[in-house]
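Both complexes below contain chain A, partnered by chain B and then by chain C.
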Partner chain A sequence: MANANITAGKQQTSSLRKKRNRYIMFWCWLFVLPNIILFTLFQAWPIVTSWYYAMSDWSGLSSQIEFVGLANFQELINDKYFWNAYKNVFIFTFGSVPFQLMLGLLFAVILNNPKLKFASIYRTLIFLPVITSASIIGIVMGFIWSTDGGVNYLLMQLGILDVPIDFLGSMKWAMPTVIMVSVWMSTGINMIFWLAGLQGIPKELYEAAYIDGAGHFKTFFSITLPLLIPIGAVILLFNVAFSLRVFDLIKTLTDGGPFFATDVVSTYIYSAAFAGEIGQPRMGYGSAAGVFFGFTIIFLMLIIQYLRSKAKANRYV
Partner chain B sequence: MKKKWLGLTVSLLSLIVFLFACNSNNETIKETGNANEGAQEENDEDGITLRVMDWSDSTRYLREEFHEQFMEKYPEVTNIEYTTLTQQQFTDTILNAIRSGDAPDIFPVPLGFSLPVLVDDGWFQPLEPIVEDGFFDIFREGTFQEGINMVDETIYSIPQQTAQPTAMVFYNKELFEKAGLDPEQPPKTYEEFREYARKITEAGNGEFYGLIEGGKQSNRFKFAIQEWGSLNGAGLADNSPVSKLTGEAPYHTEAVTDIFDLFAGLADDGSIHPRTSSLTAPEARQIFANGEAGFIIQGAWNIGVWNANNPELDYGMMTPPVSDDGRQGSIDSVAQGGFGVYAETDHPDLAAKYLEELYGGDFYQHKVVENQHNYSPVAGVIEEAATGEFLEFYELFNEILVHGPVPESENPDVTKALGEYVDVTPSAAEIMQGVAISGLRDYEPMLQDLSEQTDAALEKAITEAQDKGADVGMEDFIFPDWDPMKNYKK
Partner chain C sequence: MNNSFLIRNSGSISRFITHIILIGVCFIWMYPFLWMVSSSFKTDAEFFENGLSIIPNSFNMSNIIRAWETANFSQYFLNTFIITFSVVLIVLASTSACGYALGRFSFPGKKVIYVLLVCSMFIPLEFSIIPIVALINALGLSNTMIGVILAESGGGHVMLVLMFASYFAQIPKEMEESATMDGCGFLRTFVHVMLPLAKPIIGSAVIMQVIFTWNSFLLPLILTLSNPSIRPLSVGLYAFKGENVVDWTGIAAGATISVLPVIIIFIVLQKYFVEGISGAVKG
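So, the complex of A and B:
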C-alpha cells in the first residue's frame, strides 16, 4: 500500500513536472515566435528564393523566369572578375580584422583603467563612427582622402609628401585606404565588446597578481589575455562575418574601383543583379554569386568554430 | 505569485497586440489595393487624383506650375501627386509599386530597362487608343523608335527630350587666355586637344588643369567612347552592342583605340584634374565652373545650371575632337524612353490628357527650352524658344548628329536577341576609367578581348533568341548601305 502510494506520488510529481515543463516551453516558444516569424519572412524566405533564382536566367524585372540549372554557377567559376572580387574581399578581411581587434583591445584596456579621467568621453568619441551610417562615412571619407583632402594636406604640411597621392583613385592605394577607413569605423564596436570581456574578469585576480609582484605587462599577458580568449573568439567571428559582407562602405567610397581594385563580392553581386548597359540586369546570376559566397562564409565559420572547440578541448578557451 | 501572473498577462496581451498589429498591417496592405479602389471611387465623387513620378527634379518648379494650369482646365482632377526621386530611387520604387499593383498613373521607362520587356510584363498600355488622333504628329521626325518608344510599331512612351549628344566639349575661355590660347580657336584634333590641355595644366601650376570629368561614374567614359568613337568611324550607339557599319565590336580598332590613346596621353601629361577619380558628374561640373579645369566633356543640361549659378563663368563649346584624318562618322542619335501610362491606371483618359497638355500645350515645352533645361521633342519648339548658348549648343551638335539605323525598327525580333544579350565585363567604359584615372596602360589586349567577347555574346544571344522562335540573325545588326555621315533612310 505504502509502495503504491509512493509510486502514485512519483507519477503525480513526474506528471506535474512534465506539465510544468510544457508550460515553460509554451511560454518560451510564444516569446520566440515573433522573431521566428520575422526571421522566416525577411531572412529565411529570401535565402530560399535566392537558391531558386540562382538556378534561373532572370533579369529581376520580368515575370518570365527560365530554369537553367547550374549554368550560372558554371559561368561564375569561369569569371576572373568574380575571383578578383573574391580575392579582394579576403584581402579586405585579413587587412582589417586584425587591426580592428588589436586597436579595439588596446583602447578597451586603456579605457578600462578606473584611474583614467574622462574615460566615458573618450569611449564616446571612439564609438562615434559606429553609430554613423557607413554610407555617410563613405561620402565624407571620399573628401578627406581625396587629392586635396585633409590627409594629403596634413602629409604635405608635415613634409612627408611632395605631391598629393590619389588614395582612392590609385590601384595601389585604394584597398589600403578602404581598409584604414574600415578599421577606424569598426574599432569602437570592438572596444565595447572587449570592455564587456574585461569587466567580466574578477578583480581579485589582478590584486593577487600585484601582491605577487606582477607588473602591467605580466598581468596583461598572464591574466587578461587568456581570460579574454573566449570572448575574443566570438569577436573574431563577428568581425570576419561583417568584413566578408562589406558593401555600403565600398559602394560609397570607391564603388569597387579603380578598375576593380576594391571590387568585393557584394559590389560584384550588385553590379550583376542591378546594372545593365545594353543587356538586362542579371538577378539570377547575381543570386548565384551570393549563394556561392554564402557557402564560403558558412565554411569559414565552421572552421573557426572547429578551431574554437579544439582550443576549448585543450583548455585554451 | 500575483505579480508573476500580472507580468505574464501583460506580456501575453502585448504579444497579442503585436501579432494583431502585424496581421492588421498585412490587411492594411491588402486593403490598400482595395482601399485604393475605394479611394478612387471616393476620388470620383470628390475629385480625381492623378499620380505622376519621375526623376526630373530640375524642372519640378515648371511641372508644378503646369499642374496648376492642368487642374484649372480639367477641374475633375483636384490633385496631382507629383513625386521626383533620384534615378536609382525611382527604379527601386517603381519596381515595388508595379509588383504591388500600385504604380503611378504616369511614369517614365526606367533607365537601362527594355521597353518591350516591360510591355510584355504589363507595365504600360498603348498610347494611341487613349490620345486624340493626330497627337503624335506634333513631334519631331525620329522621336519614336522601335524598341525604345514602340513595340511592334505601337507607341507606348514619349521621350522627355529630343536625342542629343552627351559628350560634347565645354571649355573655359579665361583659362585659355591664361595659357596663351585663342578662345575663339578651340582644338579640332586629338593632338591639338592634348596640347591645349597640357598648356592649360602648365599655366595652372597646380591651380587648374586641362580636363575634369566625373570619373567616379563610368557612364561618363562610356559616352565619350561611344560618341567620340562614332565620330571616328566606330559605328557605336546605345541600341547595338556592335558597330552598325561592320556588325562587329569595334573596340580594338583605331576608331576606338585613338580615344584610349588620347586619354592615356592626357593622364601621362598630368592634364586630368587629380580629383577626377572621386567626382560625380555634377561635382565635376561645379569644379569646372569654379575655374579649375580647361575642358569638361558634358551635355546641354549644364548650360542652364551654369548660367543660373555661375554667371561669371565665361565658357565656350565645341564638337569633340577628331583624328588627323578628319571626321569619319557621326553621333548616332538614339531616342529616350520617356513617359508612358500605367497599364492598370483607373484614369487612362485623364493620363492621356496630361500627356497631351504636357507636350501639346503652349506652356511646358516652351518653358523647359526657354529656361535651358531640355530640348523639346515637339517640332518647332526649340527653334522658337531656345536662345543664347542653349541655341548655339543645339546648332553645334546638329552638325555631327544623325539618325542612324535602328535595328529594332528593321526587325522587331532584334529586341528578343537583345533581351538575351549579356554585357561583357570589363566594359569599354570601365577600361577607360582605369586608363584615365588609375594608370592602366595595358589596355590594347583588353580591348581586343572585349571585342571578341562582345561578338561572342551577341552571337550567343542571337542563337538563344532563335531557339525561342525569334526570326533574327547577325545580318540584322549590319547596315552596309548606311553612310554614317548622313541620316539613315531606308
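So, the complex of A and C:
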C-alpha cells in the first residue's frame, strides 16, 4: 500500500519534470527562433543561392533566369579586369595590414602606461576614424590628398615637392594613397585589440623584469611580444579578412580608378552586378566572381588557422 | 638623494617629450576632422582663399542650413535614425533572447545551433550580397525602408549571441529559482530579472550595433539605388558629392552633420564599446 503510494508519487514528479522540461524546450526554441530565421535568410540561404546564380545568366531586373553552367566562371578566369582586381586586393591587404598592426601595437604600448596622463584622451582621438562612416572619410580624404589639399601643401612647404601631385588621380600613387588612408582608418581598432592583449599580461612579470634590470626594449621583446603572439594571430586573422573585403573606402575614395588602378574584387562585383556600367547589370556573373573570391578567402583563412595550430603544437604560442 | 632626483627629473623630461610627440601625432591624426568641421563654417570665398586652415573666420551657419534644408540632409538624418533605431531593437531582441536560451539551458538542438552560428563567422560577405538583394527584391521590399531595415538586421550576429550567452551562463541559478517561486514564467523571468542584470552587455551590443548601422554603406547604397528619399546619411552624402562636385563647404557641412551624432554617442558610451571589442578578440 505504502509502496504503491511512493511509486505513484514518483510517477507524478517525473511527469511533472517532463512537463517542465517540455515547457523549457518550447520557450528555448521560441527564443532562438528569431535569430535562426535572420541567420537562415541572410547568411545560410545566400550561400545556397549564390551557387545557383553563379551558374545562370540573369540581369536581376527580370524574372528570366537562364542556366548556363560554368560559362560565367569560364568568362571570369579569362577576364583580365577580374585578375587586375584580384591582384589589387592582395596588394591592398599586404600593403595595409602590417602597418596597421604595427602602428596599433606602438600606440597600445605607449598608451597602456597607467602613469601617462591623458592616455584616454589620446586613445579616443586615435580611435575616431574607426567610428566614422567610410563615405565621410572618402570625401574628406579626397580633398586632403588632392592637389589643393593639406598633404601637398605640407610637402611643398617642407621643400620635398616642387609641383603638387594628384595622389588619387595618378596610376602610380593611387594605391599607396588608398593604403595610407586605410592604415589611418584601421590603426585605432588595432590599438584597442592590442590593448586588450596587453591587459592580459600579468603585472608580476613586468615587476620581475624591472628587478632584473631589464630596460624598456628588452622587456618589450622578451616579455610583451612573445605573450602577445596568440592574440596577435587572432588580430591578424581579423585584419586580413577585413582588408580582403574592402569596399566602402575604395568606392568613396577612388571608385576603383584611375583606370582600374585601385579596382578591388568587391568594387568589380558591384559594377558587374548592380551598376551595369558595361551595359546590362549581370547578377549571375557577379555571383560567380563572389563565389570564386569567397573560396579564396576561406582557403586563406584555413591556411592561417593551420599555421596557428602548428605553431601551437610546436609550443611557439 | 642626488641620484633619485636625477631619475625623477629624467622621467619627467621623457614624459614631457612623449606628450609633445603624442600631441603632434594626434593633431595630424585629427586634421581631416578639424578641416571638415571648420570648412562647414567657412564662406565659399574664405574656403578658396584659405581652404586649409582649421579655424574659420566666423561661425557662418549658412552651409549647415543649406545642407539641412535644401540638400535633404534633414530627411537623410531622419532615415538614418529610423533605420538605426529599428535595426538595434531587432538585433538586441533576437541576440539577447538567443543568448539567454543557449547560455542557460540545455535543450535538444542546442549544439547544432552553436556549430551553425560559429561556422557562419567564416562566411565571406562576397557570398551573400547579391542573394540578399535578390531576396529583398523577391519579398517585394526593394527600395523600401523596411527592406533596408530587414537586410541590415539580417545574419546570425554570432559575436553578440556569444557575448550574451557567456554572460547569462555565469549568473547564479538562484536568481531564476526565486523568480519562478514568485510565479514568473519563462518570458517574464527573462524580461524582468535577466535582462536588467545584463546591462553591461546590452550597452556593448547597442553601441556596437548603432555605430555599425549608422555607418553602413554597401547594403543601403544598393537597396536605395532608385529611391533617393529613403537614403541614409552615408549614401546621401556620397550622392550629394557626386551631384555637387564644387560645393565643398556644403559637402563638409553634410559630413559634419553625419558624423557628429556617432562621435557624441561614442564618447558617452566609450567604455562599453571598448569592452565589447576587447571581448570579441579575446573570446
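Criterion: the second predicted complex is superposed on the first by the 279 of 317 C-alpha atoms of A that agree within 3 Å, B and C clash if a C-alpha of one lies under 4 Å from a C-alpha of the other, contacts with A are read in each partner's own complex, and residues count from 1 in each chain.
Going forward, contacts are C-beta pairs under 8 Å (C-beta built on N, C-alpha and C of every residue); 3 or more make two chains touch, one makes a residue touch a chain.
As the structure is a computational prediction, the values presented were derived from the model and not from experiment.
After alignment on the shared chain A, the placement of chain B and chain C results in a clash.
By the touch criterion defined above, A:Met102 lies against neither chain B nor chain C after alignment on the C-alpha atoms of chain A.
When the two structures are aligned on the shared chain, A:Phe260 is found in touch with chain B, with no touch to chain C. Once the two complexes are overlaid on the shared chain, A:Leu70 sits clear of chain B and of chain C alike.
In the superposed pair of complexes, A:Leu16 makes contact with neither chain B nor chain C. Once chain A of one complex is fitted onto chain A of the other, the partner contacts of A:Asp148 extend to both chain B and chain C. Touch criterion met: A:Trp184 reaches chain C, while chain B stays clear of it.
Of the two partner chains placed by superposition, only chain C is touched by A:Ile297; chain B is not. Look at A:Val32: by the touch rule set out above, it reaches chain C but stays clear of chain B.
The wider contact with chain A, measured as residues touched, comes from C rather than the other of chain B and chain C. In the superposition on chain A, A:Leu225 makes contact with neither chain B nor chain C.
Within the superposed arrangement, the part of chain B that overlaps chain C, taken from 7-15, 223-231 or 313-321, is 7-15.
Comparing the two interfaces of chain A, the one with chain B and the one with chain C have residues 27, 31, 34, 60, 148 in common.
Remark: chain A residues 27, 30-31, 33-34, 37, 59-64, 79, 81, 142, 146-148, 164, 166, 168-171, 255, 257-261, 271, 275-282 touch chain B in the complex.
Contact residues on chain A toward chain C in their complex (touch as defined above): 23-25, 27-29, 31-32, 34-36, 38-39, 41-47, 49-50, 53, 60, 110, 115-118, 122, 124-129, 131-141, 143-144, 148-150, 153, 184, 189, 192-193, 195-197, 199-200, 231, 234-235, 238, 241, 244-245, 247-248, 251-252, 265-266, 269-270, 273-274, 283, 286-287, 289-291, 293-294, 297-298, 301. Those residues of chain B that touch chain A in the shared complex are 8, 11-12, 15, 18-19, 22, 95, 112-114, 117-118, 120-121, 215-216, 218, 222, 238-241, 274-278, 418-419, 421-423, 425-427, 430-431, 433-434, 437-440, 457. Across the interface of their complex, chain A is touched by residues 15, 18-19, 22, 25-26, 29-33, 35-36, 51-52, 90, 93-95, 97-98, 100-102, 105, 107-110, 113, 116-117, 120, 122-135, 137, 151, 153-157, 161, 186-187, 190, 211, 214-215, 217-218, 221-222, 225, 233-235, 237-238, 241, 248, 251-252, 255, 258-259, 262-263, 266-267, 270, 274, 277-278, 281-282 of chain C.
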